[in-house]
Amino acid sequence: MNALRDRVIVTVAPTGGFLTRADHPYVPTQPEEIAADVARCHGAGASMAALHARRPDDQATCDAEIYRRINDLVRERCDIVVNNSTGGGVTGDMVRTREDGTRVVDWAARLDGLGGGADTCTLDAITAYISSPYGEILMDTPPSRAAELATAMRTRGIKPEWEAFGPSHLLQEIRTFTAGEPGPHLVNMVLGLDHTFQNALPYTPAILQQMVDVLPDDSVFSVSISGAEQIRGLTHALLLGGHVRVGIEDNPCLVPGEPTENVRFVEHIVEVIERLGLQPATADEARTILGLKGALDEQ
Amino acid sequence: MNALRDRVIVTVAPTGGFLTRADHPYVPTQPEEIAADVARCHGAGASMAALHARRPDDQATCDAEIYRRINDLVRERCDIVVNNSTGGGVTGDMVRTREDGTRVVDWAARLDGLGGGADTCTLDAITAYISSPYGEILMDTPPSRAAELATAMRTRGIKPEWEAFGPSHLLQEIRTFTAGEPGPHLVNMVLGLDHTFQNALPYTPAILQQMVDVLPDDSVFSVSISGAEQIRGLTHALLLGGHVRVGIEDNPCLVPGEPTENVRFVEHIVEVIERLGLQPATADEARTILGLKGALDEQ
Amino acid sequence: MNALRDRVIVTVAPTGGFLTRADHPYVPTQPEEIAADVARCHGAGASMAALHARRPDDQATCDAEIYRRINDLVRERCDIVVNNSTGGGVTGDMVRTREDGTRVVDWAARLDGLGGGADTCTLDAITAYISSPYGEILMDTPPSRAAELATAMRTRGIKPEWEAFGPSHLLQEIRTFTAGEPGPHLVNMVLGLDHTFQNALPYTPAILQQMVDVLPDDSVFSVSISGAEQIRGLTHALLLGGHVRVGIEDNPCLVPGEPTENVRFVEHIVEVIERLGLQPATADEARTILGLKGALDEQ
Amino acid sequence: MNALRDRVIVTVAPTGGFLTRADHPYVPTQPEEIAADVARCHGAGASMAALHARRPDDQATCDAEIYRRINDLVRERCDIVVNNSTGGGVTGDMVRTREDGTRVVDWAARLDGLGGGADTCTLDAITAYISSPYGEILMDTPPSRAAELATAMRTRGIKPEWEAFGPSHLLQEIRTFTAGEPGPHLVNMVLGLDHTFQNALPYTPAILQQMVDVLPDDSVFSVSISGAEQIRGLTHALLLGGHVRVGIEDNPCLVPGEPTENVRFVEHIVEVIERLGLQPATADEARTILGLKGALDEQ
């Protein structure tokens, strides 16, 4: 693996759970669109795709069949590592209104996301209100559910991608639920959602540094940053030895006011990577770095 | 206020929401016990009392009448600044079981805590599961409720004591809800509850420093630390210009295995304060530092 | 000046005091060579040139006439800001052997460097042994000499470029000798010379951050880094709001083992600058940022 | 050694190289005075004595015979670990005027300090001007002399106490000259001399933390702080796992304006140590922590 220490996994998150074509001219939402876009990004240097499923009406879902169809179409086109979200979104199948009128992200719907055959799935061990255009919606994940989700993934051979919105997620849930499990553990640090998610943090150099300082042993980290600080923050992540995620899910515009295609984000961060003396990992190299089945060193 | 910069507010938290006499020989739970204990602590240098109410059966409550009785008895004995918890506890009146069997800290019960006539009340703008001996219980505070609680306090002339369990609470809720409000803002940093509360953090020097670095403007901070690192962490807080909280609520034993009286905690931290060239604030000085009604500079 | 906050001054240091053509195929050492090389670098985005004079035999000197000839030739070709070194080197005119056999950088020779008509000159308020191939040589600068050098520069209308090899230079000499003087103060942080200069430090993210944290008020900083960490460290400097210096003086090879032309270093760092959403300053913009005579806002 | 991790070595530095009885009513300068004072400090909890010799006229010296007499008198009274300075001072035997009129700390005089039979000696691998009341005096220690001093100590069975005035001393000289040598290595961090010594740093929490972060492997560190921040800084050092030095050499007055006896400094810091749940080491425990001959675990 040492031979790969100058290789950077570029993840593309092309879709997310929120935007539709009405919001952004380049966001792919349906399976064929997503697969075509991911293949272009793979050609530009992306080695992992962080995918969200959408219903035919573009509302959010974690429907296993839709995920399976996306994943199959992607894999027909390229060997990119496939990640499926189990967080989903705050529309469509993902939100349930309780009898008292409060709204929650539906737990059963989240679990459905495990059924699409992904290599890795997001694991949000997070309890927080999301302040959405549709009101306050609870992401309801007590520790018992986080444990259930981690077990379900491992039973299916899926590697969890732990989402860390702040140091407490690293020091509590991620440390607890990775202890004793085979590594490397994959952590995605999600910064810049502080206007939307409780407990989320903005990107600042000090915050990213502190989160890196408390990573669990034997972990591999990637960073995704929402908003205008994205490229600067990802460049900082590269200097700290991290991997990077780009794409319309995190930031619709590379230059403020100019909606950007996913492949352009990939090209841009690859240019930064190369000028720092690093190289984008191939999908095979990404599998080796992440310890995924099918990695080169297993063949 | 500059003249008071070497004065330290020592808060005593004598009771908390959990322990009973069966657990700890010195914990005061009923109004007369609490008032007598607080008066002793005031004599030893405490200038603020962080009080929890209990029902006659020692279970947790935020009942306004019980709070009023405690506060009256305390004020008969000394002029200490009175703080009442609106978090309460995870037993008695504070927990409600919903129709789906999940358990939450009851919102109406939390609001009751405002009715006891305190100078300051705790404001936990926090959504998190508490892993208690009685199961996972949700502290359910969307931003809309945090705003409601802040407004209710200010309407009643109560200064909020913002509880910060981590940097996100400082950067989100506390920054948002203190913006435009008259200061100084009172923040209590609560560290060491990471085994119990989601999103809570352990005390480490780096974590406390980072939280101090993101305090809102015009704020006064105190630190409370659960567990064996208490005195070291509070000493660190003193070096950073902070105020300190001690007492059985946070740490039952000054020396591991030896249950300790509240007054002994106060005496111990006062000894540290004095050896650092500082002095415990009087209650009048505390009112001035906190900008409370009745402060010396208003007379 | 706010309008220029996304502008980065790229300084090229083409020559240094050590290397000759025998060491590096692209190092310019004689006036015409230097001027031609600087003009190419200016065309690629450099707005300041940090120049060392050499004797006709390529040994180090601070001879005012040689500096004047270099500066004139440079200014015939472009409007780049001209910086002359008063440190010089450890060969030629710059080293003197004392009666006891010990060797020092000659003080009178250093002062000569002020006479070439530069816009800014380096000011090394540094006492340290340099471990050179020619033995241990003392850079001998007591505080009284640092004061003398600062006064001599200001008398001649030269802006000092304070060289900071570590936090003590910022907290002592630079803070002391810039106090009460009109800003902005120009600081160049020199990292990576720790194998050669006493009191020098390597580049690490923590060291650069700490030095930025103790910059004097109203200062503008640039960073130069010797060795293989150069581009990563300069990228870090850009994220921290700093300006950058590149060139053969600091690093002979952009890729290890491949001697690199100065213009290629400038092109490379400009590519990084642009991908971070910043732009290289023009020479006019650099003059404005540095508060130099001839700046746009004086016209 | 693990059993000793809550033990703190309190070093007393009773004399220093500067003050005389005319400056401070309690400073001991002659052998009998020093020995009596050190014995009192040992009784109060000190386990190491950092000693400076003085001539009969109270001017500074490193005369081996005077050191030997002090050390013998101290050892007659108690078993404290004995440290002798090889820095000396800026008066008396320690300063030499060169032919060009500049003044240096005399190298031969510094070496003399090794002859007094100490357990440890200070090793200042430092080149810097000292701004003294007697003018600028050069502490002249090129790397070759630092190596010579380290070898001379080890040949005599003396453990070097490396003086670190800043991170560069730790990252350069101390790292270089302890590499491959048997540990533990003893480092004394000297902060607060920034108004006197080039390259020295003030005590700030960030500076002390950064120096601790770059300690060499297998090292034991102590901190001494000149000036009014002494007790706060030493308390910080205790929180970071360090040992502490007090005494008139570093700070003449525990309370500003009130000259203080050495034993009172020791008592004061011992009170802080105990309130942090730590204990002052005995001299035997100090020998074990430092790996000195005569340590308990060798018997």
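Labels A, B, C and D are assigned to the chains in the order they are written; within every chain, residues are numbered from 1.
Quick note on the criterion: a residue touches a chain if its C-beta (ideal position, glycine included) is under 8 Å from a C-beta of that chain, and two chains touch if they have at least 3 such contacts.
Labels paired with UniProt names: A, B, C, D = 3-keto-5-aminohexanoate cleavage protein.
Please read these numbers as outputs of a predicted model, since none were measured by experiment.
Any chain that touches chain A and also touches chain B would be listed here, but there is none.
Look at the contact of chain C with chain D and you find the same residues on each copy: over half of the numbers used there are shared. Taking each chain's centre as the mean of its C-alpha atoms, chain B lies 43 Å from chain D.
Here the spacing of chain C and chain D, counted between their Cα centres, is 38 Å.
Separating the CA-averaged centres of chain B and chain C is a span of 54 Å. Residues of chain B in contact with at least two other chains: none. If you draw each protein chain as a dot and join the dots that touch, you get one closed loop, with every dot joined to exactly two others. Chains that are in contact with each other form these pairs: A-B, A-C, B-D, C-D. Taken together, the chain C residues at the contact with chain A in this complex read 205, 209, 231-232, 235-236, 239-240, 255, 268, 271-272, 275-277.
Within the complex formed with chain D, the residues of chain C that make contact are 98-100, 127-129, 131, 136, 138, 140, 142-144, 165-168, 171-173, 194, 198-202, 206-207, 210, 213.
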